[in-house]
Amino acid sequence: MSNGFFNELNEKKISRRKFIKWSGAVSAPVVLGGIATTGNMVKKAGAELAAKKADELVLTTCSTVNCGGRCLIKAHINNGVVTRLTTDTKADTFELPQLRACIRGRGYRQFVYNPDRLKYPMKRVGKRGEGKFERISWEEAIDYIAKELTRITEKYGPASRYSNYASGHSGSIIGAGNMIQRLFGLTGGYLGFHNSYSSAQTTNATPFTYGTTQTGSTLDNLSHSKMIILWGHNPVETRFGVTDFYVRKAKENGVKIVVIDPRQSDTAVALADEWIPIAPTTDAAMMDAMTHVIITENLYDKSFVDQYCVGFDENHMPDGVPEGESLKSYILGEKDGVPKTPEWAEKITRVPASTIRRLAREYATNKPSALMQGWGPQRQAYGEQFVRGGTVLAAITGNVGVKGGWASGAGYISLVKTTAVPKGDNPVGLTIPCFLWTDAIVRGTEMDAKDGVKGLAEEQDTLPVNMKAMFNLAGNTLINQHSDCNKTAEILSDESLLELIVVSEIFMTPSAKFADILLPSNTFMERWDVGTTWAPSQQAILSQKCIENMYESKSDYEWMTMLAKKLGVEQKFTEGRDELAWIKWSIEESRKTDPNFPTFEEFKKEGIYQVSLEGNSVVAFEQQIKDPKNNKFETPSGKIEIFSKALWDMNDHEEIPAIPKYISSWEGPEDPLTEKYPLQLIGWHYKRRCHSTFDNNKWLEEAGPQVMWMNERDAATRNIKDGDRVKIFNDRGEVHMPVKMTNRVIPGTIAIPQGAWWSPDKDGVDQRGNVNTLTSQRPSPLAKGNPQHTNLVEVARV
Amino acid sequence: MAQLGFYINNDYCTGCKACVVACKDKNDNEVGVNFRRVYEHSEGDYVERDHAVIQNIQTFFTSISCNHCENPKCVEGCPTGAMYKREEDGVVLVDHDKCVGCKYCVWNCPYGAPQYNEVLGKMTKCDFCIDLISAGENPACVGSCPMRAIEYGPIEELRAKYGNVSDIKGLPNSSITKPNLVITAHRNAK
Amino acid sequence: MIQAGLMGADKIEWMNARKYMYQLLIVMFSTPMSQESYSLIKDNVQTNGFPEEISDGDFLKSFFQEEESFAIQKAREDYFRLFVGPDSLPCPPWESVYRGKDRALFDYPTFEVRDLYSSFGLEMKKQEGQHDEADDHLIYELEFMSILIDKVLDADSPAEQTAALLGQKKMLDEHLKKWIPDLAQDILTNASSLYFQGSANILNSFIQFDSELVNELL
Amino acid sequence: MHEWSLLIFTLCMQAAIGGTVMLLIFYKKLSKLDPEQQFHVMKLPLVVIAGLSLIGLAASFTHLGSPENALNTIRHLGSSWMSREILVTGMFIAVACGAAGLAFIQKKVNVWLLAAGAVIGLFDIYCMGAIYYNTLVSGWNSINTYTSFYGTAFVLGPILIVSLLVPFLKAKNEELAQAFVKNAFYIALGGIAIQLIGVAIFGITAPEVNQIAGVNVMDALEGYQTTVAIRWMIEIIGIFFIGYLSIAMNKKIPIYFAYGALAVLIFAEGMSRYVFYVMGA
């Protein structure tokens, strides 16, 4: 380097003239008031210049998306960045199996560091649903929400405020939905919801048989069963904790496994000795036929029925019920003249009569046997009948409360209980079925107890006001997971109905397009929480914060604290705790009820609290069966209610029968609409998505492309070839997507994996393959639940 | 160390592809480059007797990476000698200094193991996660299988433990390259 | 305080010109177009004053001929759509996305740039509990250049000047020149407003020109 | 189907090799002319053959992912047919270019070089065939691979040479040109015969599938039946053209028709090779 390098400038290629001319081009220093052209960088705190390369830190954590698996994720962190993910590597034993990440858990690095993540709070500028937003600061966003919320509450009252059901990254202990309802509760109350999109029908119907939904046993039971029937249950893809691990262990012990499902699911392929294809919405008919065989061939457990059941036959009926209403009389067709024989069922279910007869005999004679019900078939127009049908079969064959048996029904059980942050009470005290939120927007004031509204006071017979403010946090149920997207889109786009929609999301999902205020949410690696699984939950994992919040994202609790401050209830809302403090509080609370729940320090070090099944094996209703004297069922009659007086008193016998009956479903195989739309459509939980999360992950798209399954016969008659792009349509909507021609689905039925992001073109035709473009908003009669596997459609080449 | 090999319990493979994505995550592979692949094999048909449906649909999944064969045709056919079989544990590797990206090994491998990487312009393949093994860990795919259906180890041990079936329906005949692979066949794959 | 002996008056003027250029680019890419920035750029920047190597493909000229409020609105919309979100970004302004392994953030470029900043005693301004932007965001790389130009101007010894210029050379050659052309190309293909087509051209051509200039100076 | 570079490579090489063989056959007759005139006539074909082989070489490079390692490709002669083929092809190209260069310098065609080129060329086609024959791709490990390669050489070679030689020759020696076209016609017919034999054998052997993701060749070619049919029609038309030319030479049909026939045949052989690579897709 010459001494003063400037003085050689003249000989250099860049001529002076050019410099002179150029230097005048940008005259005034371009420093704008609001724009910090400098100042984003500051002198380095602490003198050490070249940061020593910190050695790798490995933290155990887990995601808190609404996934049943809850796998252990180990984040390898190098100076503040997650560079690699691994999963559980401890010893893998029968009592304490490893919680290995499935295909979804493997793609989390692309989830956290995806460039398409929402980064800044945004305000809608175009029409609602148009998807035009501009960046605003957090203060602006919180001010706007506070101002609007107060205005709406004053104008319409607190009952117009609603926080939507969410199946996304909704957290658990300190979940977004609970926290906003806590905040609403402190500022006048809100319209709450009951049920869920996963299990509305089974949560409502099971108690009418057993008085509770806790009908599940620990999975080590399965190794003692002689036979397992997985009815519409596909744990391999839906990931109910480590169910597939235990079902495999059972299979190794020679247990016969039968899967009944319109699709030959991955569970049927890997675990089942036999797959029985059945037409959707007809499961109850097959159950009735099986009951017919069990009764007529005297295979039922007489003593069990006498001692523990009500409503089996005429002399086990509660009083005040006319003749011929018992299970036996219905099955033998004494009143309606139609005996529910396997031949009768064959025409409805398409299952050969001989198969029904054989299965019934096998199930009744091989004791104990486990009839495990999946949540798919209960998500139908008359899903309640399927649920109670399963419980009745388990009862009359005496498989309830015995090791190796299974009480069927909802099947909830959790060995590990965690305490969530309390929601506090809700002065408004009203809840609606979560599936009817669109009705609450358009005709809220007409919704009464018949619509499933709970908590109505004496003088109140309907909801006081339509829904006006919607908080859709960490969920895609605003449009993607809710039925009938086109109709929902219309309702949302009408700005006179909902006056405020706040969405907090990680990505730009179809629901986020309808936001007025769009808040960037952080991911599980940037916040604290504790994760558990769906039933049977055998473990809790500390969802540790591994990295700082990305961009300007915040966890829902963080921005709600700002909102609470703005609304003047910060102290009551936070009780002086931040997110981590609440987790520590929750752990202490859990330790009160479960002494060997680890302390926060142990939990942080260990990362996981897993209850070994050794000595903790639970069999549902074991006490009620062993010692019925002082262990009654929680039903009105204290017994298993095959005939439910409570249902009878609702006297809507056609839609809500007192005993489980097959009801020919609207848009079912016998609906006259089949002339126009001959094919039945069902959805299924796809292994590459957790509801709609991960739909934008390209690795998972390669592993599981979004294709519709169609039987080769149905495709041939419509001259469709494998891989063609087809249109699937009915009166509610139209979807264009590629088809996979396969015999792994029963003829007459097609299947679309649920959860793909709704991508309508300009005339509302979905181009991605969202099954909810075609599903109906007509709720099931008892639970008012979502009937998303009850659809009739037609398919044609595009 | 003796010749390494894989064991797959075909009977329990659910086709969930956790192994495929775990391998991609570990090797940072692009879409389209899969060192481990899961193939679905489905046959059989329906008989409709008036309204009833009788089926004999037989489906199973097979997870295959590279079987580091005894006499690998990819090594035999490779013009540059880039594809070579390591002495110490018989793992077949690609030497990127020699590989010319002619893709001839793709046509020679019965199991689709060589995966061409457009960006690199060279062939890449399963290397048995020798770095993880030497660090005492399991290969990415073995540790990822929810059904515990993939194991690895010296091939003789695997054969002693699980027999020496390496031919099932849908898989090319093992006589071609003598794969170091032991399979417990799915009931539909025999 | 500028050491008289070290630099002639016109050299200082050239350094300032480069600094103003970087600040102009920061303004263009760090905030959405507003009335204020519109008039400021319109009055202070004569694109025909640029040397031939730096050209905006006279998009800016025609941009300023457009009706003002329409032009501003289009530029604003483009800014959010191209760089901020909420939809998937056609041109994410991070080096890691362009040079990294799988188009994700926080890849090796982030760390290289972070080391380069810290070798000059600089680091990202940290908000409490907030990750904030990745270090290799376009704005911070441009700001680093303008800070280093100040260092050249305020240097007390030729050695310091050279060190600062070497820092600029490293940022230009090992980073900006490697991803700005692709970013500029993405902006050109995706931008709908003339403003960003113009600024993309300026950004790209200036980076090439500046790199030549710095190499000349060293 | 993305093997365009290989399609061009194989077609060019086989045409060049076929041409060399034809030149060798015609050489005896051509030597009747005085050397200076003989060179003048043979100059163009020699250049075209060298040119074709260089185009083929270039095409093969575009097929490589990392051409910088190209020198390594002959290190595995022991077991890899690919190595052997590259070596032999390299030798043929050297000889072909050498022959053309030498001819220009000495203004005389060196018959020994020509003969060497022909021999190496024929062996080269065998190597090319062996590459595909030894893979596990369903449909390639059959005699049809060899016959279609040799067939292409003996169809395109003669027609190429004839369409280059005869325009000059016609002015000087009418019936020699006539004889050449007739010879070319017969050899081309032979070429087609070889291919037909190969197709017949291919038809009767049951192709097994030795690759896990491999598709039975019959299914792979299912969509290409029409293409194959069209290909044979064009081939026949091209050959018919040459046949007509060979008998009706004097009726003032401009010899440029031979170029037309050549183009048609190249297109037909191109289609055949395209279908061949579909099997490997």
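Each chain carries a letter (A, B, C and D) given by its place in the written order, and its residues are counted from 1.
Everything that follows uses one rule, which is that a residue touches a chain if its C-beta (ideal position, glycine included) is under 8 Å from a C-beta of that chain, and two chains touch if they have at least 3 such contacts.
Treat the numbers as computed from the prediction; the structure is a model and nothing was measured.
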| query | Under the touch criterion given at the top, what is the topological distance in steps from chain A to chain D? | reply | 2
| query | More C-beta contacts across B-D or across A-C? | reply | A-C
| Greatest separation from chain B - chain, by CA centre | C
| said: On a C-alpha centroid basis, what's the spacing between chain B and chain C, in Å? | reply: 49
| request: Compute the distance, rounded to whole Å, between the mean C-alpha positions of chain C and chain D. | output: 57
| query | Quick one: chain B and chain D, Cα centre-to-centre, how many Å? | reply | 39
| field | Between chain C and chain A, distance of the C-alpha-averaged centres to the nearest whole Å | value | 46
| Listing for chain C: what residues touch at least two other chains? | 102
| message | Among all residues of chain A, which ones touch two or more of the remaining chains? | response | 109
| request: Would you mind writing out the residues of chain B in touch with chain A in their complex? | output: 11-18, 20-22, 24-26, 31-32, 34, 42, 44-46, 48-55, 57, 59-61, 137-138, 143-148, 187
| Inside the complex, what are the residues of chain B that reach chain D? | 37, 39, 62, 64, 73, 76-82, 97-104, 107-112, 116, 118, 120-123, 170-173, 176
| Considering the complex alone, what residue numbers of chain A touch chain B? | 84-87, 89, 92, 100-103, 105-107, 109, 236-237, 244-245, 248, 251, 264, 266-267, 269-271, 273, 275, 277, 346-347, 350-353, 687-688, 698-704, 711, 713, 742-744, 746-747
| Residues of chain A that touch chain C when the two form their complex | 1, 3-7, 9, 12-14, 16, 18-45, 49-51, 79, 81, 109-110, 113-116, 118-120, 122, 131-135, 508, 512, 518, 526, 547-552, 696
| Within the complex, which stretch of chain D touches chain B? | 63-67, 69-70, 72-76, 79-83, 86, 131-132, 134-137, 140, 209-214, 280
